[in-house]
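The structures considered in this document are given below.
One chain, chain A, links the two complexes that follow: it is found with chain B in the first and with chain C in the second.
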Partner chain A sequence: MSRKGEDILVKRYVPFLLVLPAFIVLFSVTIFPTIWSLYMSFHQYNPIIGKPVPVGWKNFNYILHWDRFQNSVVHLFYYLLFGVGIEMILGITVALLLYELIKSEKIRLLLLVLFIIPMMIPPSIVGTLWRFLLDPFSGVVNTILSMLHLPVVDWFGSKMALASLIIADIWEWTSLPLMIIYSGRVSLPQSVYEAAWVDGASQWTILRRITLPMLKELIAIALIIRFMDAYKFIDKVTVMTQGGPGGASELPSYLAYLVGAQQFNMGVASAMTWIIGLGSIIVIMLFVKFMKKVLKSQKIA
Partner chain B sequence: MFKKKLTRREFLKYTGATGAALAASSALGPVARVFAKDKIKVPIGDPNYFKGMKLNYVQDTNWLHAPLFVSPHIEKEAGVSVGRDTVEYFKIGEGFSKIMPQLMSKKPKWDWIQFSPMFLGSFVSMGALEPLDPYLEKYAGTDEYLNQVMPAYREFYMKWDGKVYGVMLDGDIHLLHYRPSFFNDPELKKKFEKRFKKELKPPETWYDYRDTAQFFTEELKNKGIYGVEWVVNNPLFGWGFYYDMIASKGINYFDENMNPTIVNDDAVEALELFKEINQFAPPGHETMGIDETITYWQSGRVVMAVWWIDLTEFTAQAKPEIADDQASALVPGWKIGDKVVHRAMTLYNRIASIPKNIPQDRKEAAFYFIYRLSHQDYSTHYVADEYSGSDPFMKRHYETPEEYLNPDPLRGTSDLWPTNNGIFHKLSTAKNHLKAGYENVQVGYPQFNWSGAVEYAQSMSINFSKFISGQLTAKQALEKTADEWVKIVQKYGLESQKKQYANFVAGAKKLGYWK
Partner chain C sequence: MSQKRFSLIRTLGIIFMITYIVFIAFPIYWQLNTSFKHIGEVRKIPPTFFPKHFTLSPYINVMNNPMARKSIYDSLIISITTTLLSVLIGSLAGYAFARYPKYAGGENLSFWMLSVRMFPPIVFILPFFFIFNNLGLTDTYFSLIVMYFTFNLPLSVWLMMMFFGDIPRELEEAAYVDGYKPFRAFFKVTLPLVLPGMVSVVMLCWIFAWNEFLFANVLVGTRVKTFPLVIPTFASGSSILWNQVMAFTVIAMLPPIILFIILRRYMIRGLSLGVVKG
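And then the complex of A and B:
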């Protein structure tokens, strides 16, 4: 074979060979299981009962009409609204305050490290920690409330269980948007701000017209990361409330885990994960669209 | 082959002798079979018998180290062992999902598995477990071993469809735990007698339990002490604490045709009384889980608890100061006629089984290992060992309270079991512990142990929890549970469920739990 022919072969096949290992890994651990779960979602399959039996849309129909799943979706929206919402607001506020108010680099660094610590703790440990802190009988929080002569709270009762999960989650994950927004703020060009000061812009105007618009992509990224995490929110539920009492803190992913990994109803669990996955994609797309619209209407897009 | 032709007299002599031998064998049963010639003597006494085979196994993380510290003894007996490098762990609640894929594979990686018998029916119906009867037949003394196992465990948790599929490793049972110092307080005694016109003593009926719980909470709440506590928020076990009450009313799960039998006035009365009693538990009683109940008990601020047998053991280890201010008794019951009927739930438990799809030589070795591990020779010692995680399951275990006071002779100390001092400090504490255990296990009531066990349990737990938190009435909770159970039956197939439930019915009839 001529040199030219060899070159053509190398150019044609070597790139494929180079990506082949990555493709095999990706196919085995992501693509194949996804296709398999789609296939399973149209079957009734419980290994104890027997082989998969095709059931069409029955699993989806069952899930969408299942009161427990419907409640878990309501809980998820509650969590997204209050949990992720507060994390974002707190994260942005603290990040900007940290940058604007703390002038010493060393203190800023120290505070950043302190803020990051909760995020570095495994979620199951965070759950255990908060389980102790919020313990209605002997937890620190209720002890303090008693000392202040305030009424104690049944933190894991049906009215507060989900809120307790949200509190623990805010404590752990506020630092994620904080870090992203802080790094974004650091990288913003100082010249823009100097120009604004020369023009006599107030701090509020600078925040509204310069800082937030320039950080909007980062805010969106932080929000989307937290949204995606919210759909996988299972560890703290397991440790803190086990979805209880009476399903009052069940979230869709935890329910899918119970149905799939404990009851082994693979068909129903697969259909549930598809509903959760598609639901999350739709919500995120709607959110991105909404955000663009809002920013445009405020003329800061 | 006979070389000589038999005379009539000789024929009668031989057949008579054979008949007599058979009759004797039948009458003597176990004894005769033990001495049969072809049985293998136990312990084998040949360290090369299984050629140094090392077995792989899986166990839950809450069970501790009995296999590891018994292993050197079994290795000396027969050359089969386990080691730290051959054990895998799973979390309680994830056992089924961890074990089942392996059992379904053609080459399971474990030679034996430790699991809760709530999955026994599922695993057997999948054809995934090796029946152990042929192995038991091979060894001398196995009848005595089987007779030693308490009937509530043997009938429900070792056998399936008349065959043995598992050997017991841990006998879980609910007991009524209480703090004698409160019951013996003269002032409290006087007040109780004045108010309720009866003696202050460990309650015998559920209504006594309510009165006693109410009394202690109302008298001692200002000191931060509460009358009672219960596990109410646990998807896998929460239902079982209510079922102590409902089972003692004589209510089983289903009738023989798999129609739920839990929706009736008796069940409603039991459920409502449960909620009433639960009001006297510490704050957070609506959602109390396993960890919280242990913590509260050990804090010394709860007077009574229906809990697993090992609560007093944990406490003796963790809080020596209240170790001897603990006692146990029969779980309360219902007065039916002139008798009080008690039932104590045998929730969780641990058995060992052998996967069907492993090579025969490994099955033989695995059987010997798990049989010896379960055998009274070793288990009598380790059920009283703080580093085993096992509780009594054999008659002999209840007869040896001194084991709880002494170091376990099976082991020294190591990084995994750093102390070896015995669990209790007083013989009277150990004796009471075992007496209560024995009394309760004699009325031990089984958990779901057929296909769908987790779903049945979770359905009842969640509806029960909804009732406790005020989202459903007692009747609604029971009706919803029954509806869901019917759906589960349909999903698994009525005939298959009926067949599997027949095991429960057979065991219940044998133990007198079936009306």
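And then the complex of A and C:
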């Protein structure tokens, strides 16, 4: 009997204690910046010129009607749809193919290392490397295209600049879903597959009915991580295009960075980061809700 | 019939894999290719597909640069500390969220933790510059470790929560029935099963800390210098010494690759005992 009471006590307080360190760290680190930037978003403030002056909602109003910001949101939409979308599909496909097709442990290790190398190169260097490869005059990609008698592409012109950024991003970050899904696939129990083979299920059925459903939480978290990071990245924009030509590849957080770190307009920059951050939170919240609905409906079925 | 279709899918799969391998490998090859060229050959148009005069001098120059050597050492200290802290604290919280969601603070708490990673980093950089400046902590390992730890923790908590959630609870309960204490059951039963997942968390945390530029640029730079800060210094006058930049990034890629190869041992199938997921 006393054993039972002890269990309840453990259940009640141990989980709380386990979460406590993470909570304390995150809370103490984020509380000041959160308050500071929220305060600044309602003020006009340039640390070089003077003290913060309250301006109400003016900063938000200004940003939402600023055409450069509106355009950057459209760019971000394309960027997320094509960049993150292709990264997820490629990552999942390659991870599963790697597991199914290659049986030798050594070759698997070799390929896996190759596939995650792009992630290990600093993003700013990935940007410079692709800038180098795609250079319209001296870059190797256009050299190969002209050797094959194909038309060369102006990779950093106003039509292709955003696409070039997306290509570099796909190259670098497909590794992330790939690695997560691969480690998930490796830890799936073998016995389920053996049972399916005994039942004579086809490869396609196994993929659709067993592998993907069992991996869907990991797929969701990989998507969330990629979404969050792609949503606010700026390093490749800084290195490859500086948002140009003529703002054709500007993204919202790059604008926030320009306004904050180069023009020192803290008020507008803080307001912009709040708009960007809240946008991200809302999208992810809706996605998590959707996931839960999917999980629930499958449990009932 | 079914055999034939199967082999068709197989062939398509192999073609797909080869295309992907070329796509990933070519820029890496170009990086290596550039790092073995003399600077005159790097600037040549059209570029050469193989170094005409193979040279190791970019590597030797980089290795003889004391600032470059020191920066690798600094990066190692910061990345190792950050990764250990993030994975340890993240696993504790992740385990609690996965097993006892209600008592651990619930979804709101775990979602709030994740939301820390959703704000553009510029939100944190400026306030933190002021704080660390007032505390006299700019240009220290501590300032960067705190920042990277904060940004890695949400990811670590969430991924570990998912990986722990995948391990059927019945396994632990079976261990209790066998007379294991919860602590021992965790180390003997649960932990080995989440190791493959933990390896990817270690890698992600390491990579973030290893490659980060923005925070490092603002918070450190004189006494402490991480390696991404050193890269722009490989220039003579106004022109960039591409061969040295590429040689240095090749050297800087080695620690994460070695780490991954070491950890790979733990990525092999965790569940080979034939346990059916509950």
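Structural remarks
One rule holds for everything that comes next: the second predicted complex is superposed on the first by the 257 of 301 C-alpha atoms of A that agree within 3 Å, B and C clash if a C-alpha of one lies under 4 Å from a C-alpha of the other, contacts with A are read in each partner's own complex, and residues count from 1 in each chain.
Assume a residue touches a chain if its C-beta (ideal position, glycine included) is under 8 Å from a C-beta of that chain, and two chains touch if they have at least 3 such contacts.
Since this is a predicted model, take the numbers as computed values, not measurements.
On the superposed chain A, the two partners chain B and chain C both fit, without a clash. By the touch criterion defined above, A:158 reaches chain B but does not reach chain C. Of the two partner chains placed by the overlay, only chain B lies in contact with A:136; chain C stays clear of it. Residue contacts after overlaying the shared chain place A:183 against chain C, while chain B stays out of touching range.
When both complexes are overlaid on chain A, the residue A:290 reaches neither chain B nor chain C.
In the overlay built on the shared chain, the residue A:118 is in contact with chain C alone; chain B does not reach it.
Once the two complexes are laid over each other on the shared chain, residue contacts for A:262 go to chain B alone; chain C is not touched.
Looking at the superposed arrangement, the partner reaching more residues of chain A, out of chain B and chain C, is C. Within the superposed three-chain model, A:49 lies in touch with chain B and out of touch with chain C [touch as defined at top]. When the two complexes are overlaid on their common chain A, residue A:246 makes contact with chain B while staying clear of chain C. Closest C-alpha contact of chain B with chain C, superposed model: 6 Å. Annotation: chain A residues 137-138, 261 touch chain B in one complex and chain C in the other.
Residues 10-16, 18-19, 21-23, 25-26, 29-30, 32-34, 36-37, 90, 93-94, 97-98, 100-101, 105, 109, 111-125, 128-130, 132-133, 137-140, 143, 171, 176, 179-180, 183-184, 186-192, 202-203, 214, 217-218, 221, 224-225, 228-229, 231-232, 234-235, 253, 256-257, 260-261, 266, 269-270, 273, 276-277, 280-281, 284-285, 288 of chain A touch chain C in their complex.
Looking at the complex, you find that chain B touches chain A at residues 93-94, 96-97, 100, 104, 122, 125-126, 232-236, 238, 282-284, 286-287, 289, 291-292, 295-296, 299, 301, 451-452, 454-455, 458, 462-463, 465-472, 491-493, 496.
Against chain B, in their complex, chain A makes its touches with residues 44, 46-49, 68, 131, 135-138, 142, 152, 154-158, 161, 241-248, 258, 261-265. Against chain A, the residues of chain C that register as touching in their complex are 2, 6, 9-10, 13-14, 16-17, 20-21, 23-25, 27-28, 30-31, 34, 43-47, 49, 89-90, 92-93, 95-97, 99-100, 103-105, 109, 111, 113-128, 131, 146-147, 149-150, 153-155, 157-159, 162-163, 165-166, 182, 193-194, 196-197, 199-200, 203-204, 207, 210-211, 213-214, 228, 231, 242, 245, 249, 252-253, 256-257, 260-261, 264, 267-272, 274-277.
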